[in-house]
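What follows is a pair of complexes built around subunit A, which joins subunit B in one and subunit C in the other.
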Partner chain A sequence: MVEETFRSRFRTEVDGSDAPPGADYHMFIGPQHPWCEEPAHFIIHLKGERVVEADIRIGFNFRGMEKAMEARTWRQNTMLIPRACGICSAVHQNIYVRVVERLAGIEDQISERARLIRMFSCEAERIHSHMLWYGILAHDAGFDTMLHISWRDREIIMDIVEDISGNRVNPALMLPGGVKRDLPKEKIDRTRPKLNDLIKKVEYHKKVFVEEASIRNRLEDVGVLTKNDAKKTTPNGPTGRASGLPFDIRKSYPYELYDQLDWNLVYYTEGDILATTLVRLDETLESLQMCNQILDKLETADGELLARVRPRIPAGEYFARAEAPRGEDVHYGIANGTDKPERYKIRAPSLGNIDATLKRMDGEYIADMPVILRSYDPCFSCTNRIMIVNDTTGEKMIIGQDEFAHKAIKAKKYNRPFF
Partner chain B sequence: MKKILVMTGEVLKNQAKGPVTKHVLKRLEENPPPEDIRTIPVIIEDRCILCGMCVNVCPTNCLEIEKDDKENGMIWILTPQCMWCGHCQTYCPKDAIHIDRNPATSVLFSYNVRQDYAMLTAKGSFKGEKADKKIEEKIAEGGKKLEELEKFRSGN
Partner chain C sequence: MSNELKELEDILKITFSKDQVKEVRKVEEGHFDVLTTPDKAYDLMKILTEEAGIYHLSTVTAVEREKEFNVFYHIQHRIEEEFREVPINFIVTGISKDKPKTPSFVDFFVAADYYERECYDFFGIYFENHPFMQRLILPEKWPDDVRPMLKEYGWEELKEITLGIAKQISEND
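Up next is the complex of A and B:
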């Protein structure tokens, strides 16, 4: 097989002087633009109405979170880490507590009940994230009725999350060693009819996306990412699953108690935006079904909710991952024997999906851009990692993970400033 | 023909129905805040032993402590900096922290990040004059910083 070489997508000249050959118009979208809820800068090179190549610049929402974590203790960071992302906060906290538990060596002391409550929190989050996404997708395609329908029904799952945790989007139920709060029987009884109600509503949403011609024509055969392209650009999560890469962390490397539940892996092979939508719709139904199973199990499961974790974590390192609503989320923590982390690294799923989405745009109409850009559920608050600006020359530099780790370790070792 | 009949039926049904949307204040009455809502902490004075655990685990460092021994000391809070996570309640060894669940008093917060200090607990010799003096000091300190910022903004 002949290896196809990809040109570097990250071009440096802003005036378009190194644009791809054949392009006659250059369109700049963002970082402040009515389409963008999140700051990203897209550069789209056009030939007439067709896209020749697209480019992205990120780094407008850098918050220095990983460095801030090194200054706080492991216990304080439990409440900082859910703020990494606006909407998938529970899954970030889940991976973090698993890293801490493994480093502290109390992984086997976590009770079944605590694990089930954690799973319920993660699945509820997946449901509301997916419902939010297909509402906004319909809005971008010009079908605002669907936006209102899906966001109205999303309130049902938001009410459930609020009922079990006290907060709407940031449940923060998990702690190293277990969970903070129990899910008592009255709340389970209150939750069940709501979930069954929501299943019927999501089935109706699916019917709308499959049967309604006005939305289907905007999504079908648009932005096709074939399986071969998907293998080269390595998307993860629902973006990959729509292109025939049946890969889900919950199935392939089960964490918590996902291997004890009865559920199907959803994947499509078409690779267009409609397939991405259907993956998410089917996954919502699958998650709702899993939530019902978890509630059944919670009635009999018992055990201590919280195991004791000492504030000082013994030296070691651990790499954990989980399936966030957008894809594979990876955390890597290094402990040095004190109560603070030596280094903590987060890789959020959106970063892995950017290249595949840029590949999707090649040869498409400019009118389809909003839908394609939305397809991977962009989230830049958790994607942006580091940017260094030289204050004398104004030069900007984005450094990678290895380089950063190298610099951080050297700075600590020789007790000198980081830059 | 059938389609037209269905559409007419829908139209008539929608005409007969009342408005779907409700007034915001009416909705608030119907949907009270959840029973597990987390807001700012309140310390029960009799139980507190001034161990400083809440100060150590606070992710935003909004709590501060000053003490002589178990009986004499005080803890104060910078209210706008608190992100209502409830971490202090979880880790308190004596169950002395209770999270305020009355939204009427605690949801009304301010953005004055430099001056809104409040005393959570003051015990023994720190009670009364000393506690009041500390809070006044802190508020004056914040006021100075605000003045500096104002100068910087106006360019003088």
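Up next is the complex of A and C:
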């Protein structure tokens, strides 16, 4: 049998002149399109109703972050790095602080308590990211009820994140040397019943995806990515784990204290969209029970929250990875002895997953396209409101962004509180 | 033969022939740097992919040093029975600064295709035998000789170029 040759789906001419033979219709989606919230240009070559080949062009949202980091100090970059992604901000910051700690040589000074709080932030992020994703997947499959159910229940974990960090999607809890704020006992007690409530709800979500025929039929045996194809197109994270590549960096190369927790690696071998959904659903449940374990450990763990890091980082280089909700997140930092990085490289997980996802489309119906393209979780952020909570009275105030800016300027000008 | 090289050979279950590897460094437990030069890189990667069975490429990083370019291929050796990964930084050193050239690894990894194009885009490093060596990310109207990640370009200078392109487009419309 002749082995099939692959080519990367990023090789696309602007005018579509490299269309494959046999295609009789070409569909251009994006860069601005209501379906995809972030700018990417998909070119889909069709024969009748079947996809012959799908290509992509990227680069519409290029911000020059790696260059910007070279102009800022290591300390300033701690607050720039979570902005790499709207949803998985904590995990980007987690890798960054680990790179800085390793280069500064203070890895062993980080206390157990600081590491546990970091892990809690990362796991909470994974839960809300996955819940957001399967809500939108159901929406793309035409099952809007599930979107509203999962997003309603997602508010529980968003409230927890807001409670522990003060922000809904950008917790930014970590600093080189430890964490910014503690997770006190009363917050742990407040969080525990919410988590247990959420476990029941996610179990119900899983039941819907597995048993409800109208959604299951849209996902099962659609866009199958076999293990052989997966090895060639190198997907990472849940996309790879649905195709039988059982690699999760928390297990395969443990960081923080993941090797001290009791949890199971989730992977499926079917390779269809239902498998990627189930990987994420099971992972949500695993993360929830991991959160409970972390809270148990936090009751007894102690230690300094923040170790001292000198602003000048000694020369050296380090490559670190972490398991983001979407897959393998890779950072590579080079220090030159000053307070600014010499070079800092970020590779977010979605880029590595695009080739595999477009491979899934070959020979599928055009109607399955939204579901398949959604499967690798292209991310978007939607934070346009601010809730201010008065810590002593418990008073809450929800305002928009403009109003917040207005109030903040006034408060600063006249030196008066918000309330 | 250094201890690090022996340890890496034990993990990968292969043996390198003499002088193939410039140097092997151990970053931490189960994490290695493999250094090589552009003329030997292709054969070495062939051994790693075909004999040791490495198939996962995480990313490609280009780095500008004082006198040369380095290209880092971050590859993972995956041991499926143990659910374990051994990260290896495959470093191509000694790429000259005038007309930088290094072999492309598209033959071994599909993913190398776009990661290498990204390096070409930002640093101007040319990957030989790459079938589609074109820009990936920067806009079409970006000047060809400006490689923004090089140290000679500052933040303000790039801002001027970007605003210049935007102005040119809005005038043409």
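Just so we're on the same page, the second predicted complex is superposed on the first by the 367 of 419 C-alpha atoms of A that agree within 3 Å, B and C clash if a C-alpha of one lies under 4 Å from a C-alpha of the other, contacts with A are read in each partner's own complex, and residues count from 1 in each chain.
What we mean here is this: contacts are C-beta pairs under 8 Å (C-beta built on N, C-alpha and C of every residue); 3 or more make two chains touch, one makes a residue touch a chain.
Model, not experiment: these values are computed from the prediction.
Superposition of the two structures on subunit A shows subunit C fitting alongside subunit B with no clash.
Look at A:163: by the touch rule set out above, it reaches subunit B but stays clear of subunit C. By the touch criterion defined above, A:334 reaches subunit C but does not reach subunit B. Of the two partner chains, subunit C is the only one that A:67 touches; subunit B does not reach it.
Applying the stated contact rule after C-alpha superposition, one finds that A:181 touches subunit B and leaves subunit C untouched. Contacts of A:80 after superposition on the shared chain: subunit B is touched, whereas subunit C is not. Residue contacts after overlaying the shared chain place A:172 against subunit B, while subunit C stays out of touching range.
Put simply, more of the residues of subunit A are touched by C, taking subunit B and subunit C as the two choices.
Applying the stated contact rule after C-alpha superposition, one finds that A:411 touches neither subunit B nor subunit C. Distance between subunit B and subunit C in the overlay is 11 Å (nearest C-alpha pair, rounded to whole angstrom).
Comparing the two complexes, no residue of subunit A contacts subunit B in one case and subunit C in the other. Remark: subunit A residues 6-8, 10-11, 14, 58-59, 62, 64, 66-68, 71, 231-234, 236, 245-249, 251-253, 265, 318-319, 321, 328, 330, 332, 334, 343, 345, 347, 351-352, 355 touch subunit C in the complex. Here subunit B touches subunit A in the complex through residues 34-38, 56-59, 83, 85-87, 90-91, going by the rule given at the top.
By the touch rule above, subunit C contacts subunit A in their complex via residues 27, 30-31, 55-59, 61, 63-64, 72, 74, 76, 78, 80, 83-85, 87, 89, 106, 109-111, 113-114, 117, 131-132, 136-140, 148-149, 154-155, 158.
Considering their complex, residues 72-73, 75-80, 162-167, 172, 175, 180-181 of subunit A touch subunit B.
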